[in-house]
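What follows is a pair of complexes built around chain A, which joins chain B in one and chain C in the other.
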Partner chain A sequence: MLRFIAQRLGAALVLIVVVSFVAFVLTWFSPGDPALAILGQAASPAALAAKRAELGLDRNVFEAYFAWAQHALTGDLGTSWFSNRPVSESIATRLPVTITIAVTAVVLSGVLGAAIGLWAAARRGAVDNAIRPLSVLGYAIPNFIVAILLVTIFAIDLRVLPATGWVDFSADPGGWFRSIILPVAALSLAAVAAVAQQMRNAAIATLQQDYIRTLRGRGLGGASIYLKHVLRNSAPVALTVLSLQFIGLLSGAVVIEYVFGLPGIGALSVGAAVQQDQPVIQGVVVTVVIVVVVVNLLVDLAYTWLNPKVRS
Partner chain B sequence: MTQRKPLGLLAAAAALAVALAGCSAGSGTDKSAQPDRTLTIGMTSDVATFDPAQSQVGGPNQYMLPVYDTLIRKDDDGKLVPMLATSWKYTDSSNTVFELTIRDGVKFSDGTPLTTEAVAASLQRFRDGKGPRATGLAYVTDIKAVDAKTVRLTLSAPDPALAENLTLVAGMIVNPKADAAALTSEPAGAGPYVLDTADTRRGDVYVYKRNKNYYNASAFPFATLNIKVLTDPTARLNAVKTGQVDATYGLAPQVAEAKASGLTVITGAGGWQGLFLNDRLGAKAPALAKVQVRQAINYAIDRKAMLKALALDQGEITTQIFAPGTPAYDKSLDDKYPFDPKKAKELMAEAGYADGFTLTMPQLDSLTPAAYPIIEQQLADIGITVKYVPATAAAGVAQFTADTYPAYMLVWGSSNNWLDATQLIAPTAAFNTFHVADPKITGLMSQIQASTGQKQDALFKELSAYVVDQAWFDPWYFNQNAMFVDSKVKLTPYNYAIMPPIYNYSPAD
Partner chain C sequence: MTTAPDTVGIVLAQGRERRTAWQRLLRSPGMIIPAAILALIVLACVLSPLFGLPSPNFANVSALGQGPSPAHLLGTDASGRDVLSRLLAGGRLTLLASLIATAVTFVLGVPLGLLAGYYSGFLDSVANWLSNLIQALPSIVALLAISVFVGTNTLVVMAAFGVLVVPAMFRPVRAAVIDVRRELYIDAAKVSGIGDLSILGRHILGVVLPVALIQTGFIFGASLVVQAGLDFIGVGEPGAASWGSMLGDGFKDIYNSPYLLLPPALAITVTVVCLILLGSVARDLISDGATPGRVRPRTPRPAVTTRAATGENLLEVDGLVVEYRLDGADSRVVDGVGFAVRRGRVLGLVGESGSGKTQTVLGVLGLLAEGGAVTAGSALFDGCDLTRLGRREMNEIRGRDIGYIPQEPMSNLDPSFTIGSQLIEPMRRHLGLSRRDARARARDLLVRVGIVDPDRTLASYPHQISGGMAQRVLIAGAVSCNPKLIIADEPTTALDVTVQAEVLDLLRSLIAQLDIAVVLVTHDFGVVADICDDVVVMRGGQILESAPTVQLFAAPESAYTRTLLAAAPAHLPPRAPKALDGAPVLLRAENLQVTYRGRGGKPFVAVDGVSFAIRTGETLGLVGESGSGKSTIGRAILGLAPVTGGDILWSGGSIAHASRRERRALSSDIQVVFQDPYSSLNPAMSVEDILVEPLLIDPGVTRADARRRVRELLDAVHLPRDAGARRAREFSGGQRQRIAIARALSRSPRLVICDEAVSALDLSTQASVLDLLAELQERTEVAYLFVSHDLDVVRHIADRTAVIQHGRFVEVGDSEDVATSPREAYTRRLAAASPYPDPVVQAERRARRSADLAREVHDRADSLERQP
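Coming up: the complex of A and B.
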């Protein structure tokens, strides 16, 4: 098990280096001059040259990358060229927002999706027939459309939930909860649909297994069969979908953060990409890669816990 | 049938769903009414720094003006009025010695007296700070606190935009006691408010509280000012509709919806949109060297149709680069190029381009995309084939200050006539990308620099008429900036600023 984790961590390290280098090169060679963007068109050539030197833009791309990587290894992600704020500080204040939304959405989709999937598998018939097209629909509607719809109904027409903004949990737990309901709902819909669909299919397949019939034959009750055996044997499929969804939810959060005006990592990264704010782009890329790697590792560990066959 | 039995898991899920629904229905509407009045403004972009010496103008002003008073203030009619300086004038006949009388008894937010030495030190720091607007004091060679009331600026040459620049970041006076390195996030000025760094979440919401040492507190009825960063236009409109913010910047296509939902829409003059016909010597597009061709383009584009299609009629058509209300602007010039394709074709033939030519222009991914096919169609009607090169806003302003394209479409935020002239038409101007030196323009500009008052105003008008006649540009219309305001707040109309200054806000009741 330890060896498995060590292998995964090694691969993750390579991944971080490769992805951060590619991101660096892409930003480096994209058109536009950050010094000019910072100082404006009225700046003198001398001031522009000084700014370029200050930003390290007068070096070649490898030198610049290694200088960045060296600092990054010590935990210093640099300072934003445009906001003049330490990148690690910006990420530290914004990551919790994105993670809160994405993790809550994953948990919600896991629980609701599994429940709906199991329900459809157990009842079949009318319930199943209703759920199947609905889940296709839920999966097909882009989350920003769902978001706009939810805002229109719950924030503008009914005035029961805030249309935009983020409230810190420590400042006002109730306000915090209210502020995440709509974003999480908008983000989860497609994931709930995907998980429900996979769970339903897997559960139906499991239900047709001989051992289920045997268990029933031995007089075991329905709830016990579903929760102990069907759920556990169908879960790996749902888990795969969910882990893929999590990565999708992270990118979906970018759009959702815009619609709801949330100060998360998505809004930060879009702003930085438009401005070619290299230190921020690098910081966000590395952070997101680390999050994705950690999530995948956790999912792998969960697999082995659910299914001992994987361990060997 | 065991399959029909309710499942514990389902029950749990249902309970959760009910809990969510219950909460959403139960918590009621946002009760932001507080004993102390609060003003919340929704801003389109974040602020990069609170150090005036390193700040741009425009959007950042919204964040800076609450904490920094400027030496001079520009009122809603574009007139310069006292602020930290109670009066100012040139003391010599050549307009190179400028004296400001500083207001008595003003203190910085920490109680430090705002002395003439502090003003001089702040101006010096700004000029030498190499910031994006440091050129605003480029002509200033000497800055001196003459006595307890007077600060004297000595200039190497007359600068018709000097007083204007003192209404912007150059005129924001910084507390000399402030830690210069911390200014980025901790402003230190003499404005009506101070930034509450404890409650501020940078990049999300900025919280301002009253400056207890302010000399004119009664002019600012709000005890607390919040500025929320909301980059998405829909999110901004939703926030003001639901009372989360009191006022925010709106877009032309949103005006009808904002009015329909009971918001007040306050408009102010914005920038002009149109074509920059930069290749006036014909380096890349030889046809543009002919004045008849440039005039033909002015006749070929239907300004009224552009205003309707792009800005939903929120604006005024124009042919000029100088803003309405400024000395250079002459209303009668706006009728100079009516939509007349026939006349345009005649001019093309006169210039020897009866068969047309090909014009290469960038097609930006962000700027009013509907404009590009209209330009293409209307220029095709007079024989000009437009070839678009895809361009991205992310490449920044640099692509418009390089001589890459013979012409391009852009929005220009006109302000002070002299600033516009030095940036658009002077031989060294950043947006005169082929650095065309027209002797008439150069001559008029040096006359303007050496004159003042009505004489200067008349010269500016002459300059505008000449630029329109020579068709250096093809401006279509001045757009309008729109602010959406809820019923709790009153906003007085404003001009020549992207966002209205905080002085223009008051409670509705």
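Coming up: the complex of A and C.
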């Protein structure tokens, strides 16, 4: 088991290094001159050259990457070329927003999706037939359209929830809660549908296994069969879907933050992409990959707990 | 892995024959409607320049923000541009961009998945690693970073997105290929010398393409959403008309004119929903599940006895009818069955596959699969009609008063829970014990069923114990709450013969000690003779004959019973001696060794220095239990297992490490018939195609020649001439095995390896296939290496027999000698363990066997004592 964790950690580290290097190389070789963009058309060639030296653009790409990596390991992700704020500071203030929304959406989707999927598998018949098209719809409708719909109904027409803005939990828990309801709902719909569908399929497949029949032959009733045996054996599938959905949720958060005006990583990365603010883009990419890696590690750990064959 | 279908499987197969997957697909409204809508949208967008609408970028400043009018069918936006023409032009861009992304994914993902899945090894590891890498990147964040590099040109960005989505195509394709690669018909094709490219094209692509097409639908939808999303937040090409940018413009103006959001939102949503629907419905239709319908179950009335049970009968079944409704078709699998059993007595239900014996007991227990129900008759248990009880009442009786022992030990234990918890949970429920008491009782039970280390077993998971131990655990579970009746469904069929003997001994002692009644389902007359007091013979859902065991064996009434008894392996006539001394040696194995690299580095020696020779026209029988290495020897000869030591010589030349080309040449000399007739033929191919495929390897053979040869072969294996046109899946197990034999013989090989070729067949079919093999050998002088676990079968068909244990030969000699007067103790144990289909003889053998075992134990104890 320890070896398994060490293997996974090693693979994760390699992933982070490779992705950060590729991102670095991509932005390094992008067209356009950052010095020009920062100083403007009126700058003199000498000023441009000085700026380029200041930004470290006159080294070769490997040297530059190493320098960046060295700093990154100490927590210093450089400074934005345009706002002069340290990248780590920008990310540190904005990351909690995105993480809150994404994690809440994942937990909600997991619990709700699993419950719906199990229920559909247990009942079959009319319930199952109704849930299937509903889940396809929930999965298909793009999350930003759901968001626009929710904003139109709840914020503009009914005025019960805020359309934009983020309230810190420490400042006002009630306000924080109200500000995350709509974004989380918009994000989760597709994930709930996907988890419910996969859970249903896995549960039905489990129910057809011989050991379920044998357990029934021992006189075990519905609650024990479903909530203990079916759930435990179908959980790995739901977990896989959930971890994939989390990556999708981080991606979707970019658009959702735009719709709801949330000060998260998404908004930061969009601005940086438009301006070609290399340190910020690099910092965001690495941060996001680290988040994904951590979540995947947790999922892997959950797998080993669920699956005895891996444990031994 | 496919196994012989039971009754439900046969019913399912019949139902599905009516419509193939493609027909269902094309007729389903769930496919037609979304496809039609999509076609409309695409056509409208592509043909829009012909509609005479105002240019999408023409800003009419005198018509800002107008509602729908004859000039502007959907109104104008805040800059005065016509909404409808912008919508249709935007659709062109959006759809084209998504198409590019999907095409990139398809072109990269499908071949990668095919090659990685088929070849495994290094390529697979690298591809998997790359796929994991790409999958860990949230797509929009990655695209933002990439767009810095490639600019904002929508088409280029979407091509990059296509690369990012490759894992979504690569994974399912690879998984599908790995699934098919495990099928035995791929091995058979390899043995026939068919090249990889042909195998990929003919067998694998057909399975992979539907998967790829379904994923294409999903990926197209996802690409559309991402593309629209990027334009929506303003990262796309500025000014270009697209659905996302229209949505973004409308969103910025949401407080003033929210209705501008509607056209692009609808366009995006409807298109994506249709795409996802197509993919979803296609996936549901292609996957193998038939829809079980609810059979009108009998309303559970209070269990009033309509008539009292006669005498001391514990279980009395009368006129039981079980029906299944699948895909709208009803079928009756049990048709008026009745029997009775008393405490302390064992009733055997005997029949071949499809006879309905398992369905009968499952009906009594209320454990029928979905779609099945008891529709008539009664099952009186202790005065109460089980067929009329509701689920809750049945749960009270099951596990407590009635115990159930299933067939396959490993698949009947929940892999996620320990043995202990699976034993304890029902005991606590039925007997109300505390956890500690229940655990102590479970421990005692394990000791009682002969498990040596009960504490370790209680803490183990099912995959950590052997099949024999698992079956003992299941038996312990069945008796754990002191049942009055036990229903055992082929409890020893999946076990090795020595383990089977021990389990039967255990059952016998439990029956005597606890005075329980037993209903035992089996197809093995030896088991019946060994343990059953009364027998019922079933066929086609009905009872043919019912009698006490001794009487049935002494004087069977029905012809069917007599045929079955004659087909029992122990009753098969021994092999007629054959003069083989002068015949040339075809194949010689010298110190053959096959070692596999086990998980975590520990090597597993499957074959440990084995030497033998096979002459022309000879049948060498290879007998061993599971894990003995007998199949591995056959696979090594065929090039399907790696030879790590020693040599295999064919007509003098070494073939142990033959190259691909050499194997192809060898394929006309050495052929194989596998055990599983359901996995060794590609079910989707016609019989003619299956038989023609190996024939066409010779460049000189024309299709007409091949067809003629196919007709000859079908005759030789006694199959009708028109069998060629039908698909393999329409045939029964025995018929499929004949087709497999025909395929093996198609190029007149000199040696055929029969790897448990008759083990999966019913007794009567087994006898006729063995006859066929003997007949073909008479005619063509082909040699056989006949691998089996059954000494009696090998005695009937082989000239010489080799007994193998743990990868080494224990004894080799003429079949008669090995069968009747074995020298080695292991061979004697094997021979003695197999139950003989005659109760009187079997009782004697049993007594002798216990005496032998007792003596062995005594001898071993003596020798241990004598050691200093």
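Convention: the second predicted complex is superposed on the first by the 310 of 312 C-alpha atoms of A that agree within 3 Å, B and C clash if a C-alpha of one lies under 4 Å from a C-alpha of the other, contacts with A are read in each partner's own complex, and residues count from 1 in each chain.
Please note the rule applied: contacts are C-beta pairs under 8 Å (C-beta built on N, C-alpha and C of every residue); 3 or more make two chains touch, one makes a residue touch a chain.
Being a predicted model, the structure only gives us computed values, none of them experimental.
Q: Give one of first, second, both or neither to describe whether A:G261 is in contact with chain B, with chain C, with both, or with none.
A: The first partner, chain B, only.
Q: Now for A:F4: first (chain B), second (chain C), both, or neither, which partner does it touch?
A: A:F4: touches no partner chain.
Q: What is the contact status of A:F154 with respect to chain B (first) and chain C (second): first, second, both, or neither?
A: In the superposed model, A:F154 contacts chain B only, not chain C.
Q: Give one of first, second, both or neither to describe whether A:Y226 is in contact with chain B, with chain C, with both, or with none.
A: first
Q: Could you say whether A:F21 touches chain B, chain C, both of them, or neither, answering first, second, both or neither?
A: neither
Q: Applying the document's definition of touch, where does A:D33 land relative to chain B and chain C: first, second, both, or neither?
A: A:D33 contacts chain B only, not chain C.
Q: In the overlay, answer first, second, both or neither for which of chain B and chain C A:Y303 touches.
A: neither
Q: Once the shared chain is lined up, is A:L118 touching chain B (first), chain C (second), both, or neither of them?
A: So A:L118 only meets chain B here.
Q: With the two structures laid over each other on chain A, which partner does A:F169 touch: chain B (first), chain C (second), both, or neither?
A: neither
Q: Could you give the residue numbers on chain A that contact chain B in one complex and chain C in the other?
A: Common to the two interfaces on chain A: residues 30-31, 124, 148, 151, 156, 216, 221-222, 258-259, 273-274, 276.
Q: Show me the residue ranges of chain A that touch chain C in the complex, using the header's touch definition.
A: It comes out as residues 11, 15, 18-19, 23, 26-27, 29-31, 124-125, 136-137, 139-142, 144-145, 148, 151-152, 156, 208-211, 213-222, 224, 229, 232-233, 244, 247-248, 250-252, 254-255, 258-259, 266, 269-270, 272-274, 276, 278, 281, 284-285, 288-289, 292-293, 296, 306-309, 312.
Q: Touching chain A in the complex: which residues of chain B?
A: Listed in rising order, the residues are 2-5, 7-10, 12-13, 16-17, 20, 23-25, 27-30, 46, 48-49, 54, 56, 130-135, 184-185, 201-204, 228-232, 234-236, 238-239, 241-242, 244, 261, 392-399, 401, 423, 430-431.
Q: Can you list the chain C residues touching chain A in their complex?
A: Answer in residue numbers: 132-133, 135-142, 144-149, 151, 221, 225-226, 228-229, 232-235, 247, 251, 254-255, 258, 261, 265, 268-269, 272-273, 275-277, 280, 294, 365, 367, 369-370, 391-392, 395-400, 403-404, 406, 408, 411-418, 422, 425-426, 429-430, 461, 463-464, 474, 477.
Q: In the complex, go through chain A and note every residue touching chain B.
A: 30-33, 36-44, 47, 50, 82-85, 90, 93-94, 108, 111-112, 114-116, 118-119, 122-124, 148, 151, 154-156, 159-166, 168, 174, 177-178, 181, 216, 221-223, 225-227, 231, 258-261, 263, 267-268, 271, 273-276
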